[in-house]
Amino acid sequence: MNEIGSVTRSWTTSELLTVMASRALHDGQIVFAGVGVPLLAATLAQRLHAPGLTILFEGGVIGPFIVPGDLPPSTNEQRCTRRANMVCPITDVLMLLQRGFVDVGFLGGAEIDRYGNINTSFIGDPDHPKTRLPGSGGGNDIASLAHVIVAMKHEKRRFVERVQFVTSPGYLEGGASRHEAGLLAGGPKVIITDLAELGFDPVTKRMRIEALHPGVSVEDVEAKTGFDLDLADPLRVTAPPTERELEMLRELDPDRLYIA
Amino acid sequence: MNEIGSVTRSWTTSELLTVMASRALHDGQIVFAGVGVPLLAATLAQRLHAPGLTILFEGGVIGPFIVPGDLPPSTNEQRCTRRANMVCPITDVLMLLQRGFVDVGFLGGAEIDRYGNINTSFIGDPDHPKTRLPGSGGGNDIASLAHVIVAMKHEKRRFVERVQFVTSPGYLEGGASRHEAGLLAGGPKVIITDLAELGFDPVTKRMRIEALHPGVSVEDVEAKTGFDLDLADPLRVTAPPTERELEMLRELDPDRLYIA
Amino acid sequence: MAQAKREGRALSGYEALRSETALRDRSLHEKVVSLEAAAALINDGDHVAIGGCMMSRTPMALLWALVRAGRRDLTFSRSIVSSDGDIVVASGIAKKVITSWFSQGIVWGISRVMRHWVESGTAEFEEWSHLAMGLRYRAAAMGLPFLPIRSLMGSDVQRRLSGETREMICPFTGEKLVLVPALRPDVAIIHVQRCDPYGNAQIDGLQFMDIDLPMAAKRVIVTTERIVSNSQIRRSPDRTKFPFFVVEAVAEVPYGSAPHECYGLYEPFFRHMDLFAKMTKEDPERGSRDYLQRFFYEPRSWNEVLQRIGMDDLLTATSGGRNVHDE
Amino acid sequence: MAQAKREGRALSGYEALRSETALRDRSLHEKVVSLEAAAALINDGDHVAIGGCMMSRTPMALLWALVRAGRRDLTFSRSIVSSDGDIVVASGIAKKVITSWFSQGIVWGISRVMRHWVESGTAEFEEWSHLAMGLRYRAAAMGLPFLPIRSLMGSDVQRRLSGETREMICPFTGEKLVLVPALRPDVAIIHVQRCDPYGNAQIDGLQFMDIDLPMAAKRVIVTTERIVSNSQIRRSPDRTKFPFFVVEAVAEVPYGSAPHECYGLYEPFFRHMDLFAKMTKEDPERGSRDYLQRFFYEPRSWNEVLQRIGMDDLLTATSGGRNVHDE
């Protein structure tokens, strides 16, 4: 159970994120997914509206299908290869990003800023960090070379004016700065939180609210965001998770490892 | 049977080339070999004095052993993989040259010049050739990146002052020119013909006679060479093929496909 | 479509590569077609990269269909070309062959067919070193404009290609490097031992450049000895050599590489290769015309080609092919 | 030897690479050694590249032997580091870890051990993107000083590495490219499913960076679940992932990757991984000291380590591992 504003909902934050993320995926897409919400979202999409969607894992796996209840612990162990179409070296699966075969990559992060830059490396001064985070992994490559979907909890300390360290580039300083830095493709597409879906202004590349989840107000979002958000016009309201989506999702993760 | 000068020998030219080439190979070496004389020479060496010698084939084969009487037609078909230790992509086996793992490559050619440059591309003007030859294959890569052994018949039209087209670089214009062109490793090592073994002056990189086969005179060699040859000092005389070498060789190629 | 294609060609650089790739249908769907329908996917003027090498895993049946379809002005590229090269120049479907070595095979001497068509200027033979060919495909497979190489330098091979390569001084070591440009075929045609209806292709034994080729090309057509189920592919996903989403069409063609070999299944049809050499030796023009008439134009199906090659040759090749790991 | 080694390090560029490679014994000969003897081949100060990735095919037994041998000032590099990274920093054998991601695993949150040793400045964690790590090894494997990459640009990851990378304008397209330098480990340590006494190594399933790694390194040490005969290797030469001549030593170590996994044989020992996380969560210093004492210093053999991990965990992991293709 999960309470936001005045509405009581019968889903958890992770379930909401997963369902909304799955809806952002389309049939026929090739999706770079990490474990947890991204993998569940991609699998949910496959089962509901995108049967021809292909999952890639960083460990070197093409077209796997997860076994409900037997979720992999990371993208680099043999559980990831269940029912896979192909297994290949890591460098080669990451090269698919550079070659342009990947539509969407999923990312999360400790911080994201107004231009969609993501920090998964340092909290505090990198030379004397308060917290050393695990780092880029394939995040920098995905963010540099593909369109990115971010699914994360909406918290003021995570939605910041400027990330302390750009691990995975979004639109950098906005405008044409990403392109000018030499990043000629990809970029953040949608940020899915427990409050809203956010996108980017096509010109300024500033983050903006595209849609609110049911019962959430613009003020609710602003209260949990560390910078001024633009508003898309029109501003949509998302449809709540359906019974079918939630049932299917819970079937995939019966132990509620990732959706609790 | 084969007659040179006044001595009658009980071996063919190809047998002589093969035996002499096999002696130029040492235990533990990694050798890039084509079919025919090179492969027979490498196999002979393995069986007689270099059991730890490794053969590479351009088709992507590491450490094969040929089956006597079942010689492969080229380095790119399944016969080449008989008893191989590893099969890999062509680009990767050629990369072993660039990485520096290969000691020696075998080359032949339509023409070779005083600096060991080899032509396997054109006789006549490349734009209007009298004869279009098959081309480089891996020859240019081998010659650029490894030490080279050439085994070929000694003929005036083949030993020329300057090849009409440098397919596979030797010492280019001699002296330091190979190094200056950016070729920092390898280079022609020994040219084995039916008359002599030829090498290169360490400084000028001009071709010189290193050893004469028994019964062959310097004049015999000069008569079949299209440019002035230097002489090594001392000038050796090679030992004739032994019964053991010839027997073993004939066992490898019982149909005399390559040693006739 | 033709219009879009021409525009696509005029484009260059990474953004063009990305938009072109993004437009490809990469969904998991069945794409089994007939051999003739596969050939129809190749257009006049295309750059067609041929998988396999020399006399091995040559997509010969598809070349047969292309010759019969009368395609024109094709550019072919391949690591090393054997009688497949002779056939595409003699049949008139090729205007250019980009490769490192072009002749029927060492044992048959220098190809008279190659010589006749190339020396007369009817077909162009653009020569690169073998590693350079490999790195050109690999650069394209990696989404890079070039790869550096340490060969080619100082040779007339590079000199003759001077417009095509670049040189740079390595900013780390100060050394000279040659840069070979990515080679991005319009279509790669690849023959494999088995492939599923989606295009997941598994190759046994020699792989040649067939891991990079399908990633380099703009489109990929697979011919396969056998179409297997996706379940069979999934039983050994580490044997899949290229993934379904790069493949546009799959045609099942048993003995689709004859008279060349297919690893583990059949060796080259040596007697037939001798016949080709013999027919084309004296008069390459008449000889190849006769050969094409008998083995390409008259047979109305690939099975009929195999019938004409004959059961004896097929069984001999099969027997040899199955012995691959017999010590 | 040590002298030659130091000189080798001072050298740079292609000629140094070539002479160093030429001096390696590349002959076909047996090179089976004990686990302890394998560890003794690694010197203080070496850059050791760890094969596998995350919790998969980690050469854990060899790391165990290295920790016990008290090696110092090692630099480790790996595609992604899990508890192996925690162990090399906590045991004090590592002064630096070069990788793209460093934590025990997503399910256990951010590694307290990594945080403690890195945040205190005791060990350095040099961060590259995952593809950059791959291309750095690949450049070295190709005998190139660098490879171009299209990521890293614009990020603080690159900025923080600015001394290490270069940028260039592509002479073909005018586009900006980042150049990542070749990463040439002194030693690569790689765990595989099977290897023959000469060092021909076959890997099933996930390959990670273990095709490039052994070609990139100056020396290679293999640990293997089983030493098989050369004849067995030759029965499927297309499954050999790196060739004998790059390998210096081979040690047979069943369950040599425990408590991480080895594809097709055993999954990660999840309960043991939970134990490690639990022990190190509150007080990473004391927790890892206790863990190392119990599972690294006290056991006198790898078998004893496995005994301490326990039969239940081993059988659970084995049961999971064998189910890999079970649908």
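Letters are used for the chains, namely A, B, C and D, taken in the order the chains are written, and counting of residues starts over at 1 for each.
The criterion applied here is as follows: contacts are C-beta pairs under 8 Å (C-beta built on N, C-alpha and C of every residue); 3 or more make two chains touch, one makes a residue touch a chain.
It should be emphasised that the depicted structure is a prediction, and the values quoted were computed from it without experimental measurement.
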### Message
Under the document's definition of touching, what chains do subunit A and subunit D have as common neighbours?
### Response
C
### Message
Please tell me whether B-D or B-C has the greater number of C-beta pairs in contact.
### Response
B-C
#### Entry: Distance from the mean Cα position of subunit D to that of subunit C, given in whole angstrom
38
### Query
subunit A to subunit B: how many Å between their CA centres?
59
## Note on the structure
Whole-Å distance, C-alpha centre of subunit B to that of subunit D, is 40
### Query
Counting in whole Å, what is the centre-to-centre distance of subunit B and subunit C, each centre being its mean C-alpha position?
30
### Task
Spell out, as numbers or ranges, the residues of subunit B touching 2 or more other chains.
61, 81, 83, 87-88, 95, 98, 184
### Task
Name the residues of subunit C that each touch 2 or more other chains.
13-14, 143-144, 150, 175, 177, 205-207, 234, 237-238, 327
### Task
Please categorise the chain-chain contact pattern as a line, ring, star, complete graph or other.
other
### Summary
Pairs of chains in contact here are A-C, A-D, B-C, B-D, C-D
### Query
Which part of subunit B faces subunit D closely enough to touch in the complex?
27-30, 51-54, 61-63, 81, 83-88, 95, 98-101, 103, 184-185
### Summary
subunit C contacts subunit D in the complex at 12-14, 143-148, 150, 166, 168, 170-175, 177, 179, 181, 204-207, 231, 234-238, 325, 327
### Summary
As the complex stands, subunit D meets subunit B at residues 13-15, 17-18, 21-22, 25-29, 141-144, 198, 200, 215, 230, 233-234, 237-238, 240, 242-246
### Task
In the complex, go through subunit B and note every residue touching subunit C.
34-36, 58-61, 67, 73-74, 76-83, 87-91, 94-95, 97-98, 121, 126, 128-141, 143-145, 165-169, 172, 177-178, 181-184, 257
### Task
Within their complex, state which residues of subunit C touch subunit B.
53-56, 79-80, 99-103, 105-107, 110-111, 114-115, 118-119, 121, 125, 127-132, 134-135, 137-138, 149-157, 160, 167, 175-178, 205-212, 261, 263-264, 267-268, 270, 321, 324, 327
